[in-house]
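Structures for review follow.
In the two complexes below, chain A is the common chain; its partner is chain B in one and chain C in the other.
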Partner chain A sequence: MNRIIKFIVLDILKNKIVLVYTAILSILSWSVFSLEDNSTKGLLTLLNVILLTVPLISVVFSTIYIYNSSEFIELLLSQPIKRSKIWWSLFFGLTLSLLLSFFIGTGIPILFYAPSDVGIMMLLVGFFITTVFVAIAFLSSILTRDKAKGIGIAIMLWLFFALLFDGIVLFLLFQLSDYPIEKMMVGITAFNPIDLARILILLHLDVSAMMGYTGAIFKDFFGTSIGIFIAFIILFLWIIVPFLVSLIKFNRKDL
Partner chain B sequence: MIEINNLSKNFGKLKVINNVSLSCNQGECIALIGPNGCGKTTLIKTILGMVIPSKGTIKFKGEYVSKNFEYRKYIGYMPQIGRYPDNMTIGQILEMIKEIRKSDLDLDEDLLHQFKLKDLFNKRMRTLSGGTTQKVSATLAFLFNPDVLILDEPTAGLDPLASEILKEKIIAEKQKGKLILITSHLLSELDDLITQIIFMQDGEVQFHKTIADLKASTGEEKISKAIATILKAKNNE
Partner chain C sequence: MKSKLFILLFCSASFFVFAKKYEVGVNRSFKTIKAALAQIQNGDSVLVYEGLYKEGNIVLDKEVKLIGINFPVLDGQKKYEVLSIKAANVLVCGFKVQHSGYATLEDPGGIKVYNTRNVVIRDNILDDNFFAIYLQYCSNCIIKNNRIKAYGIEEQQIGNGIHCWKSDSLQIIGNTISGHRDGIYFEFVTNSIIWRNISATNIRYGLHFMFSNNDSYISNVFKNNGAGVAVMFTNKVKMFNNTFTENWGDAAYGLFLKEISDSYIFGNKFLKNTEAIHMEGTSRIKVEKNVFEANGWGMKIQASCMENEIVSNNFVGNTFDISTNGSLVLNTFNGNYWDKYEGYDLDKNKIGDVPYHPLSLFSVIVEKNPPAMLLFRSFMVTLLDKSEKIMPSLTPDNFIDNTPLMHSLKL
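Up next, the complex of A and B:
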C-alpha cells in the first residue's frame, strides 16, 4: 500500500463520523436479523435500509472529505508526486475505509446469520454501491470549487438515484402501460446503480414471483449468470466512468 | 536551469501571464517583483505544475515540466500562504513529507532548530499563528537541500528575528551555488541578497536585469530607488 493511501486511511479511521456510521450499520444489521425469525426476511429488510443509507453516507462523507483535503492536495502537489497519484490515493483511501466500515457494520452480521448465496451477493452489492457513490462524490466535488454547491450536487444525485428515479420509472410505466415496454425496463435500470443493486438481490430472494410480468422478464435476464455478469459490469462502469471523468478534470485543474 | 518559453495563462478572459520568456541559471538569486496581481505567484505555480499553462513551455534542467513530476524533488517551495491539513501536527506534517520524499539522508534541519519548532511539534496546524505557519513552510522548503528554492513572499508575517534568520539562511544557500527565486514587496530587504531582478507588470516581464546593470543604467545605489527611476521614466514615455 502506498504511503499516501496509508495517511488518508489512518486519517479517516480517526474520524468520528466513520465510527458512528459503522456503529449505526452494525446496530441496524444485528437488530434486523434478531427481530426476524427468517434470515431471508431479514435480508429483505436490511436491503432497503442499506440501499437508502449506504449511498447517502458514502456520497456526502466523501464529498466533504475531498473538499476538506484541498490543503492536503496542495501540500502534496509541490512535492515530487504525480498528480493523478494523489487523486487515485484519495479515491482508494476513501473507498477502503468506507468498505471497511460497511464490512464491519453489515458484512459480519450477514455472514453470521445468512451465509448463503444471497448473503454473499448482498455483501458484494454493498461493496459496489459504496464504491459507486464514492466515485460520484469525486465527480461532484471536482465540478465546482464551491463546497456548498458541491455537497448540494452530491445530495441531489443521491436524491435522484434513491427516490426520484423510481418515481420517473413508475410514471413511465403507467403512462405507457399500453405498450410492450417490459424489455426496455431492463435497459432503463442500468441507468441507476441503486435499482440495479436492488433487482440483483430481489431476484435471488424468490420474491420476484410477486412482481408480475415485468418481474418474469427481469428474472429471465438477471436470473442467468450472463445477466448477473452484465449487471456487475454495469456497476463497475458506474465506478470507473465518474472517477475517470473527475481524474481528467483534476489533472487540468489549477490550484 | 529553468527555461520559460512564451508562457501564457488565462483564467477565463483574464490574461494573468502574457507571453513570458525567461531563463534562470544556477547560482543566481533572482527577485521577482511587481505590483499586486501582476502574475508573480501564478508564474511560480506554473513552474511547480500547480497551475497548468494555457500556452508555452517550461523546461527544468533541460526537461519539460508538463506531465513530469520527478523534477519537483529538486525544488523547495515556500508558498505565500501555506495551507496545511488542519488536524495534523507540525511533527506529523514533517514526518509525512519526509516519508513521501523517501529521504532521511542529507536533511537540512538548520531552520527547524533556529525557529525552535521542535518545541511546537505536537501543536495542530489549525492552532498556529500566521507567522508560525510561515516558519513551517520555510523549514519544509529548505529541509531537503534542494537545488532550487522558490520563495513566495518569504518574510511576510515573520517577526524581525525570524525574518533575519531566514535571510541569513537564504544567503548561506546562495553561497552554495543554488538558484533562488524570491518574490517580495520589501525592496529594501532584498538589497544584500539578490543578483538579478525580474520586474513584472500586467502579466508581462518589463525587464530582467542584473543588479549591477540596473544600478549602472540608473545611477542609483539602492535597488528601490533604481526601480522607482525606471518606473518614472516609463510613465513619462
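Up next, the complex of A and C:
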C-alpha cells in the first residue's frame, strides 16, 4: 500500500498543477498578511480562500485525477492487490499531496503571522475541508463513468455547499422567523461542511459579537469543548461517509 | 499688624493644644473605640491601633478624625452596620471594614454616611460587606483610594460598592471595586466627579447612573462587569478617557445610554465589548475621538435617538460598526475612521472621496432576525452586503459618513 501511495504522490507532484496551486496559495497568503496592518484582517481574507478556493481546487483536481488514472487503476487490478487497497491508496495519495500543498502554501504563513487560536483553528479546518472535498470527489467520480458528467457533479456539489446552501438557509430563516428555529439552525449546519468550518472559525474571530444574544445559541453549542468535538466528529463523518460509499461502489463495480 | 499675627498664632496653637488625641489599642488608654468616642469633643482625633474590633455598630456623631494604624479590623459579624457617620467634617482612614450585616430594608453598609457634609473616607479596605460605602443626603464628601471587594453571586443578595443617593458635590477618586452588585451607584447626585476608579467583575453594572445631572467621570476603567456601564435619565454628563473592556454577554454593553441629553463622550476606549455603545432615546450627545476596537457592535443607535454627533472616532476590527432598529436617521456621522471603508482619495486630502455607509445590510438582517448570525461571513452574505453598499435599498441611504478618513486617528 505504501508503495502505491508513494507512487501516486510522486505522480501528482510531477503533474505541475499541484505545484502551481501551492505557489498561488503561498503568494496569496504571504501578500495578504504583509499588506494588511493587522493579522485579523489577513485571516479574514484567508477565511474566504479556505471556504471557496480550497474546496473547489480539491474537488475538481481530485475528480479529474481519478478519471485520468482509470488506466492505471485497471493495470493495478491485474496485479494480486485487493481492490479496496487500491482505492484507499489513491485516496491517501491525493489527500496527502493536497494537504501538503495547503500546509506549505497557507499553513506556514498562518503559523508565521498569526499563531493564535484563530490561526490554529483555521489550519485545522483547512485540513478537514481539503480532505472532505477529496472524499466528495471520490464519490462523484465513482457515480458515473462519463468524465464530463462526473466533473459536472463535483462542481455542482461545490456550488451547492459554497453558495446555494447558504441562500436556502437565509430563505428558510426569513420564512420561519416567527418560530423558535435557533436550535434547528445549529442542526442544519451539520449538513454543510463549509458552514461547519466557517462557524468554527467565526466563534474565534468574532468572539465579542458571538457572546451577544444573537450568537449565544451557537456559542452555547459550538463554544464548548464538547461542541467543538462534535463539530469535528461531523467533519470527520463528512470524510468517511462519502469515501466509504465510493469504496463500496468501487468494490462492486465492473470496470 | 503684630497683634493680629499674635492672635492668629495663639489661636492655631490653642487648636493644637485643645484638639486632643485618643489612642485605642491593646496596651493603650482605651480598649474599645466606643469608649474613646464617648470621651471626645468636636475636632478631636482617635488613633486606632492594630487589632480586631467587634463592637457592633459604631456611630460617629461628633466631628472626629478616626485614624487606623496598620489597618485595624472593624468587624460587623454579619449583623451590624459597621460605621455610621452622622456628623460633619469627619475623617475615616486606614481601616479594614468587614462583614457588615445584610438587610434589604435598612441597607446596612460597611461605612454609611447620613445627611451630612465634608466627610472624607480614604485609604480603607472594605471586604465582604453588603453595601461597602453608602452616602445619603450628603454634600462635599471625598471617597478616595479605598479598596472595595465583595463576593456576591446573585444580584439580590449583595449591595453596591459605592452607593450615593441624593447627594451633591462628591469626589469619588482612585477606588478599586469588585464583586458588588453595581461598582458605583449614583442616583440623584449632582455636580460630582468620578475619577481614576477601577470597577471590575461586578455582578451588574460597573457604574450605574440615574437622574444625576452635571456629573463627570474621567479616566476610569470598567472591566468585565455583568452588564457594563449604564447611564440613564440624565443630562449634562461628561465622560472622558474611560476604558470599557470585556463586557461580554447577551445584555452587556460597554456603555448603555438611555434617555440622556446634552452630554459629551470624549477620548474613551471601547475594547472587546459585545456592544460598545448602546443608545436609546438619547439626544444632543457628542461622541468624539473615541476608539472602538474588536467589539461585536461598535454602536447600536436606536431610531429613537436624535441630533447626536459622531465625530472623529476610530472604528477598528469590530464585527459590526453600527447597527440600528429602524429607518429613521436623525444623527450625523462625520470624519470618522472606518477600517471597513473601501473608498479612494484622489485629491490626497486624507478624506475619502466617496461617502461611507457604516450600516451593513447584514447588521440590519441580524437585528430583525437574530439566528441569521449563523450565516455571517459566508460568501452569499458577503455578496449581498457588497451590492447593498453600492445601491442601498434595505438600509437607510442617509445613514452616511460623508467625510470618512483614509487613515486612523492617533488616539
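What to note about this one:
In the analysis below, the second predicted complex is superposed on the first by the 247 of 255 C-alpha atoms of A that agree within 3 Å, B and C clash if a C-alpha of one lies under 4 Å from a C-alpha of the other, contacts with A are read in each partner's own complex, and residues count from 1 in each chain.
The rule we apply is simple: contacts are C-beta pairs under 8 Å (C-beta built on N, C-alpha and C of every residue); 3 or more make two chains touch, one makes a residue touch a chain.
What you are looking at is a predicted structure, and each value in this text was computed from that prediction instead of being measured.
By the touch criterion stated above, A:80 is placed in contact with chain B alone, chain C being left untouched.
Look at A:71: by the touch rule set out above, it reaches chain B but stays clear of chain C. In the superposition on chain A, contact of A:95 is made with neither chain B nor chain C. Measured by the number of chain A residues touched, the leading partner among chain B and chain C is C. After overlaying the two complexes on the shared chain, residue contacts for A:254 are found with chain B alone; chain C is out of touch. Once chain A of one complex is fitted onto chain A of the other, the partner contacts of A:140 are absent, as it touches neither chain B nor chain C.
Applying the stated contact rule after C-alpha superposition, one finds that A:185 touches chain C and leaves chain B untouched.
Using the contact criterion defined above for the overlaid structures, shared-chain residue A:63 touches neither chain B nor chain C, since it reaches no partner.
Of all residues in chain C, only 248-252, 272-275, 294-297, 316-320, 339, 366, 368-382 touch chain A in the complex they form.
Chain B contributes residues 11, 45, 48-52, 69-73, 75, 77, 79, 83-87, 93, 96-97, 99-101 to its touches with chain A in the complex. Interface of chain A with chain B (complex): residues 3-4, 7, 11, 68-72, 74-83, 252-255.
Interface residues of chain A facing chain C in the complex, by the touch rule stated above, are 38, 40-41, 44, 47-48, 51-52, 162-163, 166-167, 169-170, 173-174, 177, 181-182, 185-186, 189, 195, 198-199, 202, 205-218.
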